[in-house]
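Both complexes below contain chain A, partnered by chain B and then by chain C.
Up next is the complex of A and B:
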């Protein structure tokens, strides 16, 4: 029996541990050991307030669950939302989106600027009195140092510096940037080789954040072999939070920057981001009290949070689109070569039913590629064909094309595995639903699936699928980031993904890319939209909303369709 | 004994060399590459070419292998393709978390598995034994992710007596990481409350991870004790009038534990690399999840070097088991 005693001792030990402590308690605001922020103005209401009311209170620690931590701590080398979530609290660009909008800019490190989309010269007057977290002053030289660093990135960095390459048309002395000059202590002049309507929105992205030149030097940030900027905890930003500790796969701990240059300092003493890859585990962490908020709730869990005591949802309007790629050149003698068959595909799909079944009701049917949150939605959407759900019309169109029950139009239809995306919460379920809809209209569907990053994307991009799911989340608000990226021609060839070689499309895209005046640009992209929608190069399906789940204690969280969200105005109520 | 250890250590060299080649070939056989992970929807042919070139993936395979081996021989295990972090730094940062969890799990498995095994063996053929056998079968076959989610749901959400995930209550304890063993770091930081909290965070993941080893240890102990119970020397010991406790401890357990020790060693080695699911469910930042993520992202450098380091540790753990085996069994020591 002596061994049995061992077991009993062990069981008692576990029970004692379970009894210790009081899970779910958190330091109430104002009870923190940290001194109140000097210079903070707790009575100042936040610029925008997404939560219940009350005066913002300073203090407390917020633990927030994301899907991952940062891919790199060097903002220029990141391109994903999880990295941005952390880095944009620490680092700031010259300009940024007005909270809650996708098409309005405001100065952050720039006090003001001159330069319109038609111009090649932008003059930025910088904000006075800003210091980096390392205590060094922010000035025009710092801006120039950063722009020069990005332009001359070593080859090893260029692959990860996706956004710089995309916005500035590559790297090196021949890219979009002709020069960056520190005209005086607080003025920077950036000259472009040609006018770029996306330049300002581009540099509002987190990868264009300005890092302290002293930190760049101390971390050998230009040398791919020895740089520690992407891996070490450094104080190189100007943002409302300072990195205190970063443990990969565990947590990123940020503390308030008491010298922040904005209207007020952050209300939170400390912001901790925890990586929780699985959406179900994120929800459990919220319910269990180990986080007070998390992003990217699974659509099926929306109800569990919405109806629960002490929890709430902040809806993030969609800035994404799920589409069905329709490729008439993927297989020989494809039935999709006939426009009537492609139109039948478009009419066969009940998009409202997909939103109800797979998006928890959070989304809207995608009439065009651009989501309604885009400033270009009305002008670009004008004239593009909208295909309403009409299975009978679909069947009629198939008959018109010479297909019937004995001789059905056969298509292969692929979906990705091992992935969910905000625009595609359940690829397999969506695939089953759309397959049934297509079969009801009279198609014969050959289903296929492939692993997302490694098989599916390359095959879809190569144009190997008749029909396939894919989607897009906007980088910045310009139609070129939607239609241009997907349907642009390379060396006279249409994008292989769609095989969409419509008469006049290449010329229309060229025209739209080079049209700078806003109204004319909208009209020019509308031409492009009409061509690709009317010819059914793809069928846009759903703009899927996402949501942030929070405890009732968390106030002031403002969701942005792009996912670019600051914790500056977030505070914890004492309830 | 020393010769035995040296011979085993020398054997490591060809084993590890062969492993590097195997792992290298297997990672390259996986469809896709890191460029597709980095770019996602943005993986156009042009972008892909740029990323592949910047990562050196456009070079011939043998060149990539020799470059990797060149670094390896100089002690450079490379940097992650995705995060550019030093692989060794990453490994060392995560490994303590995995050891801490594995140790807790194996302690739980031993503390419960051996007594249960002995208890059921001594009641062989009774309903207690049958019940124990059924329970151990369930323990071996229950999927960890299911068990983990159930444990969380019951003990962290329905009856919130234990934390649902993570390694420490981040709101109430700020523990600077020194050793990356959370329990040790809490003590170093002079936070006894943090120490207790770190232990509390260990309970559910250790139960989830320790269940399979518990069942295995229990079964092996039971079988082994049953064998020993039938030995003449046990009967003799009883006949000599020795007390039951003495016979249990000196004669039965000491002999019955030999195969159990081997199993414990193997199970510990498996736990070190096999905690992937547990680490994911309980968001435990350890090595298992790190390598799993690397495989998903095709981060070749982490897969190659991470698996190599795990393999090295696995082999070393086995070596230690062999040595302890020799220590426990004088017959081996003297041969």
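Up next is the complex of A and C:
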């Protein structure tokens, strides 16, 4: 017994010694890994060039790791990126965003259309010769059937049909849609109750995909009690892939639709999507070869993939923003009631350093709420105050407001736990770093944390925190989806989350919401942006990029800022 | 348990070296106890003199110098915040040891009172206390601690109380068991026969002899307390200010960056292992030293 103890003590000592040596040795290979990696980078561009220049090859199976499978297989009842990832391979809307953009539309099931943001009538000329996977011909009646189905959704469906409700201003005969008419076999006329600048972008979302009327009928899709559209493997889409098998929590298996109506059919024979919730496990699956690609890499793992042999990273420019909510009304006699103190908060934060440390470099500083990927970025950002990192200016501002080391400006500052978001990869780490920056400027910070869904979101939205982290991922490219959603007044009261009651803000938002002509709309929203940024109702921090990790074989993957992509153009190069 | 125990504390108290002197003498002969003790003294000194040893402020970071590998400037490297991991481990020993000692003190005190009441009075008091103890023992320790922390809120004292609550039934049961075994010991019967009764019998004659196993258990409980505190920290139930250095929280802070910087997880892990090992070796040594059967 005693001998064994001595042995265990000895073993521990060895471990400790190994520990002292280990970091050195592990750092050294890490460093020496880099040159070969960059060497392989040097040899990689020709390979990818050859790939990109070479003809796409048909064939092969791609196994792709997502974070989850679909919440429902009925596209109209989904609102999350993981569902879209699967369903947009199978189902298609009338129009879609041009891959890689958030503000350019192209026809998919619609050959062409007429209608401008200030119009109330849209006429879609449909594509000829399209058939659903079940053989039903695609025509104007099919479009009308789908639009009517959404508008008359039973109440049980309405909660899940988030996007329809958001875009069409609710459900039923009084919503935005006045009528949908099949004017002839291949023409659909949609009349709106009032002009809506977001209508076209709205119907480009996956939930507005057109499903075969025969399949809707067969699955009794309109009856919440008996509908099987959301759970069964059905052949109801028009997309480049057909659902072959769907095993909840295990995999979605899609095969090529050989009758696809596009310029070419999919290159892949088969696309299998597997749900892997943990980013570290997704990376291991890629490294172990059980998937050939995965989405939403942990920022800390970017380098591991970027420098590795045989792997590559496709950066997805963000369409999101992390911000620091600044609420002068959260506590009585808040120091934040003074504009100078709020400006000090804005000047105290070094956004570049946050991006470097927490986003693996994959992000950009957020000057305004809208990301640069937005088509409205320049027009809305015009004139809004940008607060550069300047801790001395922050300290001066605090002094100006009557605070110093003996009498520091005290703020409470909250972060959410049990969550990561593309715009917020490490809430606690970000909180620590920003707390330190605020303290350096002369603030006294009382930290706090709460559980994301159940405690944090309600408390933040009720305006209970002086400072808090939150972010936003845009649904469609319109400034109202950013500034309007956050700062809109309700019954004359400013949004509780920010307690931002600036003179003229309510009127400016009303004006901007009702201005439809594009240039004037940009200018009107720019007025709103100036008010909230200049008054520091919040401090926009970072647009966080996400990224897809792929093996070198996977070609043709184009990342969309909106978060999910079609695999139509993806192909596998030979070994 | 009988012969030696009878002769030692009661009749020959003046002459003998006493329980502690004897135990100390025997522990000096046990390598396990010496190494364990040395490790613990090392950590205690580290905690006491932390401000003098630590080269950096453990809570100050500079994002510009994050993820530095171990070097002469930063012995254990830096974390994502650019904080010096070496300094954080040194300061972390304060919190960890503090929580461990506080939780075991509370646990021993409350547990002993309950155990003594149960073991001395028997009857319905015993039944009530021991059923309560059984119920608490049926709940997994860490789960109970998590529940208590969620109830009391986050903070070092709350964590100590949570771990103490987990320990209370263990100590109560041990002391009760010892006292039951002593009820029929010759010297207890002798004391009773000359009219010693009530609290005097319990406090002067029975408790001193029952306390050995309690001490051993307390030392071992320090080891579990270190692990439990680290586990709570790892699960995000550590101190409310995330910058407070705490070994378990240091571990969980790093898992996102594990592929970039293994040293971030390695050093706090080793600190936890060493502290636990120290308390365990010391506890084992004490068990041998305090066991009358092994007395030479």
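By definition in this document, the second predicted complex is superposed on the first by the 521 of 575 C-alpha atoms of A that agree within 3 Å, B and C clash if a C-alpha of one lies under 4 Å from a C-alpha of the other, contacts with A are read in each partner's own complex, and residues count from 1 in each chain.
Note that a residue touches a chain if its C-beta (ideal position, glycine included) is under 8 Å from a C-beta of that chain, and two chains touch if they have at least 3 such contacts.
The structure displayed is predicted, hence computed values, not measured ones.
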{"item": "Partner chain in contact with A:280 - chain B first, chain C second, else both or neither", "value": "both"}
{"item": "Touching partner for A:507 - first (chain B), second (chain C), both, neither", "value": "neither"}
{"item": "Contacts of A:386 with chain B and chain C, given as first, second, both or neither", "value": "neither"}
{"item": "First, second, both or neither for A:418, with chain B first and chain C second", "value": "both"}
{"item": "First (chain B), second (chain C), both or neither touched by A:405", "value": "neither"}
{"item": "Partner chain(s) touched by A:357 [first = chain B, second = chain C, both, neither]", "value": "second"}
{"item": "Dominant toucher of chain A (residue count), chain B or chain C", "value": "B"}
{"item": "First (chain B), second (chain C), both or neither touched by A:520", "value": "neither"}
{"item": "Which of chain B and chain C A:98 touches, first, second, both or neither", "value": "neither"}
{"item": "Which superposed partner A:448 touches (first chain B, second chain C, both, neither)", "value": "second"}
{"item": "Footprint overlap on chain A, comparing chain B with chain C", "value": "2, 5-6, 9, 19, 23-24, 26-27, 280, 418"}
{"item": "Chain A partner contacts - residues on chain B that touch it in the complex", "value": "30-33, 35-48, 50-55, 82-86, 89-90, 93-94, 97, 108, 111-112, 114-116, 118-119, 149, 152-153, 155-157, 160-167, 169-172, 174, 176-177, 180, 193, 196-197, 199-200, 203, 207, 245, 248-249, 280-283, 285-286, 289-290, 293, 296-298"}
{"item": "Chain C residues touching chain A - in the complex, by the definition given at the top", "value": "31-32, 35, 59-61, 63-64, 66, 69-70, 76-77, 80-82, 236, 240-243, 253, 255-260, 262-263, 266-267, 270, 273-274, 277, 281, 284"}
{"item": "Chain A residues within the chain C interface of the complex", "value": "2, 5-6, 9, 12, 15-16, 19, 22-24, 26-27, 30, 280, 283, 298-301, 303-304, 350, 353-354, 356-358, 417-418, 425-426, 428-429, 431-433, 435-436, 447-449"}
{"item": "Contact set on chain A toward chain B in their complex", "value": "2-7, 9-10, 14, 17-21, 23-27, 61, 63, 71-72, 77, 79, 155-160, 162, 165-166, 224, 227, 230-231, 245, 247-251, 253, 270, 272, 274-278, 280-281, 284-285, 287-290, 418, 451, 453-455, 457-458, 461, 470-473, 485, 490, 496"}
